[in-house]
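So that you can tell them apart, the chains are marked A, B, C and D in the order they are listed, and the count of residues begins at 1 in each.
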Amino acid sequence: MKGFASDNYSGAHPEVLAAMVAANAEHAAAYGADPWTARAQELLRGHFGEQAQSFLVWNGTGANVTILRAMCRPWHAVVCAASAHINVDESGAPEFLTGVKLLDLPTPDGKLTPELVRSAVIRVGDEHAVQAKVISITQSTEMGTLYTAEEIRALADLAHANGMYLHVDGARLANAAAALGLPLRAFTTDVGVDAVSFGGTKNGMVFGEAVVLLAPELAEGFQWIRKQSMQLASKGRFLAAQFVALLEDDLWLRSAQHANAMGARLATAVRDVPGVRLTQEHRANVVFAALDPAVTARLQQDWPFYVWDEATGEVRWMCSWDTTEQEVDAFAAALAGAVAVAA
Amino acid sequence: MKGFASDNYSGAHPEVLAAMVAANAEHAAAYGADPWTARAQELLRGHFGEQAQSFLVWNGTGANVTILRAMCRPWHAVVCAASAHINVDESGAPEFLTGVKLLDLPTPDGKLTPELVRSAVIRVGDEHAVQAKVISITQSTEMGTLYTAEEIRALADLAHANGMYLHVDGARLANAAAALGLPLRAFTTDVGVDAVSFGGTKNGMVFGEAVVLLAPELAEGFQWIRKQSMQLASKGRFLAAQFVALLEDDLWLRSAQHANAMGARLATAVRDVPGVRLTQEHRANVVFAALDPAVTARLQQDWPFYVWDEATGEVRWMCSWDTTEQEVDAFAAALAGAVAVAA
Amino acid sequence: MKGFASDNYSGAHPEVLAAMVAANAEHAAAYGADPWTARAQELLRGHFGEQAQSFLVWNGTGANVTILRAMCRPWHAVVCAASAHINVDESGAPEFLTGVKLLDLPTPDGKLTPELVRSAVIRVGDEHAVQAKVISITQSTEMGTLYTAEEIRALADLAHANGMYLHVDGARLANAAAALGLPLRAFTTDVGVDAVSFGGTKNGMVFGEAVVLLAPELAEGFQWIRKQSMQLASKGRFLAAQFVALLEDDLWLRSAQHANAMGARLATAVRDVPGVRLTQEHRANVVFAALDPAVTARLQQDWPFYVWDEATGEVRWMCSWDTTEQEVDAFAAALAGAVAVAA
Amino acid sequence: MKGFASDNYSGAHPEVLAAMVAANAEHAAAYGADPWTARAQELLRGHFGEQAQSFLVWNGTGANVTILRAMCRPWHAVVCAASAHINVDESGAPEFLTGVKLLDLPTPDGKLTPELVRSAVIRVGDEHAVQAKVISITQSTEMGTLYTAEEIRALADLAHANGMYLHVDGARLANAAAALGLPLRAFTTDVGVDAVSFGGTKNGMVFGEAVVLLAPELAEGFQWIRKQSMQLASKGRFLAAQFVALLEDDLWLRSAQHANAMGARLATAVRDVPGVRLTQEHRANVVFAALDPAVTARLQQDWPFYVWDEATGEVRWMCSWDTTEQEVDAFAAALAGAVAVAA
């Protein structure tokens, strides 16, 4: 049942699973006091810089929310795109666990701009209004688009000029790095990002994300935030060993490059199919298209994928580390066939 | 570095890991809409009865807290033993995520009695006071002691007579079943328990616990409670496959029986060492003892274990599915040696 | 320093204060178990119907949030206008105390429509998305506009068809009743409203609002919601006595009619001043206008009022129960003068 | 229906009500930006010292909880006596609004000691355990007992040595000052207290308490804490005017001295009645006694008062600013009569 539904429909990369199996020897201190965790933290410092303090957690919502808990008191607010995962796909966990309001801004492409953010940083000092404290962006975005390093620096500067933090939801940060052709730190640490949710699951891990804190004060008390948020794994070695496998010899980058390449191949293959209109500029590992609902229905009989917007008929095709050229080509052919039948 | 620190210092049972590896083929629908999850739920119904509605979660605190969220509104209270994991080892997650107060009662052995519970079910209908809504017990308890099926039934009857629920924190429910010689449902479903946190991690899983809801109304909205509590795994098959391995051919029971046997062997071996006093009747896979701090310090140089109570010098020795007879014997010998040196 | 800043810049109506003084005799049972509270509840039943269960609280945010707590679990969502008081003027109290997300919708006039609401009632049953549970409207709105009884019925029907509740923030419900020329129940109880925050403070009370629950199940546990939300007055008679004074001989209506009349007089007086453009159709006790910032600055030297939107220069002039014709006329003259100077 | 039920069964002192009436002139800026509030804050600085930053709130629970919100993050804990108002009479508001756990310690007299507190400051730095951050004491206590200035200093020193804060729930701080014969600051500011809930309601106000922050960092963000906790009065002048009346010419002290004197008169009058045993040393304005339930029942027919402990039959007799000598004497006589009938 392979398809283009999501990169979390994929399984785990064999090298990741092998690392888990290899870690299964003897006893190890629980809750992250183990050598695998120390090694994963060392590797993360290698990628994000020496100031990076990292905490491994179960899942992406866990990474995002624990970071927001570190950044905010309950009367603060988080500025984000309306399409942000924290806004629409975390069942209200950010509000529930932090108390804060999300100031969500409509965007055409999932990207915040300084101008948009400025429109939400209002009523500063007014006790009746929540106080904007965090700018949260997703990289690559839910729409597959990318922020350049310069764009991120501009948002970081804006944040800091207003006493705010910049958070990056990097569930697909690897895909962004691959697409930008930049080291991870070049568009995070080096341009002023304060904390990153660094994704593992969608890039071939069984489970697991890393909270990477770059502003040092955010680490104060973070261990309690993680534990109290129920994001602390007891047999931590199995979480850490996956990150070690991912980071030690650039498996993370190879997998992301492959997924992106499959996305590009797919975009190219479908771009000229009649009746198919790509709705976002392709950049990372996902393709968005406007499609006749009849075509969608026919195609979904054989290929799992999601309708992104019921109202407009926009669909999302997500590639993964395990997507093959054959699958892309077969899917493009099936699409062309479905369109032809519908015509 | 094997020792007697905790059953979460152990790794995963090889059969469990093998099941994860076997599940790593092709794509699978995310978030639990996969065949492994359906099979795990079926197996749990087999063990707990047809009314059992189960939800897989990351960890034990996650299971406990999501259940309390389903049972309580924020002005409710949870009656528990002072030594309960929810009271002392979850960093306040129950209070933080549910808002409720824990009414924690001192006990000599970690066990609630109807008489104790009655002392906490007071000021019913008084708007100034929190309203007791849940009795939460641990089986086997944090002290290694056990509730009989009859004792649990008495607590369930008391709960229901007062419009309350009975929750069982079963992080070590398997050890209890093995020690009691009873099927799981005989001391849960059949005696009126409303929900169980059924542990997997400490019984040989990499990670994962099952929320088993027995009172049908508790399932209403539970999927949002799980998601919003950040306890929903995206690649759910890897969590479910472990439960399938554990439950399909009684691996859960064999492992627990072994851990209990090692506990019994240890209790026997150390009972007559001079200067060692067992402080709890041994029942499951753990032994508590009062020890001279000098002996403790010497012994901990080679064997990891925890001091349970700094004030009294009480120590805890926990056996696991992977504890061997040789380790028990060597540890008992080392203890005798440390005592002799200190004398 | 009288002016047009807000109806909470006014003091208390003398009849209200006199009632508080009259209530100050002997002892009275605390926390609402007093005859004044019983009488206030009786009067509220008279206005809203026999099913009305009322709870007196300190302030408007308290009324709104306790009602939302009764209606929602934390994974629910509240659909409201972007300009709603709960969205922009309660410092995030709704999110903080209930955990829910507000789905705030831009409107030209502060009014929700069924079409707007439908756009927010999406992803029903999807565990990743918050579930819309409440439609919350303000009557009269923050923009001074009004819902007709029929418009409210349409929203109530829509709510109930989707398993949702309809809440009315009635901080200025009296002004709405006066403007509509309808009894309170005619556009609340009789058209399907489930709960009302019935305002007292802005209509001449020292402090105090009434939670009026019309859907009977909402009252379950409400006394704990009020107490735990810190909205239960200990010397409850002084809160209740004010409502008795307000409701017993239609002081509430006379005061609202007067405030509305002053609003109408003001709208008429300024409508034709050159350079002044009314930005909302006048209906209740408030006038919105677009004004040259230089005029605003000059006028504010003598007359307190608020700039509603810094970006557009829109200002708000609020009339109150104690606004006089002389003040309205003097203010209109001052406005004309300021405009002339600026020209 | 005067009696000895509670000092919140009393009405308001006539001077307080007169001050409210006097404040009812013209318009005043809302939300505390008025001259009465400025004057109340000035008077509070006079009593508590220049560093005192004060915020007026609706009620005692509001004062306590907003202070705890300022002192704590959700993984912290508050050490208090088991009998503390925050622990047993606030319907779980402290846990609900702050997320923290209360570490409640049994005491014979409602008073914490350094030794008791030390027993709760454990597992420092352990991420699995809540971290004790606040010592909260009540002065005078719920049992009518008093802390000396030296006892409070010892607790403050202990708190600060452990990076903790000392909070005083002073719902009856005036009674404590009167009983100790000390200025307010002598047993708060001058001995290291970090924040005080200074009670007004039980000392003759209609409603209202003052949060007095003595550690300067606690004021950061406090205005949002107050607003978001729904404790900000819109017509703030009416709250502040009461405090001005109370504080300007020592009405607070005269009222408290009177209530205490009535308590002493009552203790003396009943001490030697056969079958009556005083269960707490009388110090402030309350008397606790063990009484035959039959006597209690008979006496309550004419005189309202509370049974404090159903299990033991202990009763509480609370005096107030408006208790008269005649009432005390009549009640003592009625008690003697009821005892005689029962004998």
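Just so we're on the same page, a contact is a pair of C-beta atoms (placed from the backbone, for glycine too) under 8 Å apart; a residue touches a chain by one contact, two chains touch by 3 or more.
All values derive from a computational prediction rather than experimental measurement.
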item	value
Farthest-lying chain, centroid of Cα atoms versus that of subunit A	D
Intercentroid distance (Cα basis), subunit C paired with subunit A, Å	41
For subunit A paired with subunit B, centre-to-centre distance based on mean C-alpha positions, whole Å	34
Separation of mean Cα positions, subunit C and subunit B [Å, integer]	50
Per-residue overlap in subunit B, given as positions that touch at least 2 other chains	74-75, 90-92, 96, 127-128, 224, 227-228, 232
Topology of the chain contact graph, where touching chains are joined (line, ring, star, complete, other)	complete
Parts of subunit B lying in touch with subunit C, wherever the complex brings them together	31, 73-75, 127-128, 131, 221, 223-228, 232
Interfacial residue positions of subunit A with respect to subunit B in the complex	1-3, 5-6, 8-12, 14, 17, 20-21, 23-30, 58-62, 65, 90-93, 96-97, 201, 206-207, 224, 227-235, 237-239, 304, 322
Complex contacts: residues of subunit D adjacent to subunit B	74-75, 77, 88-92, 95-96, 99-102, 122, 127-130, 310
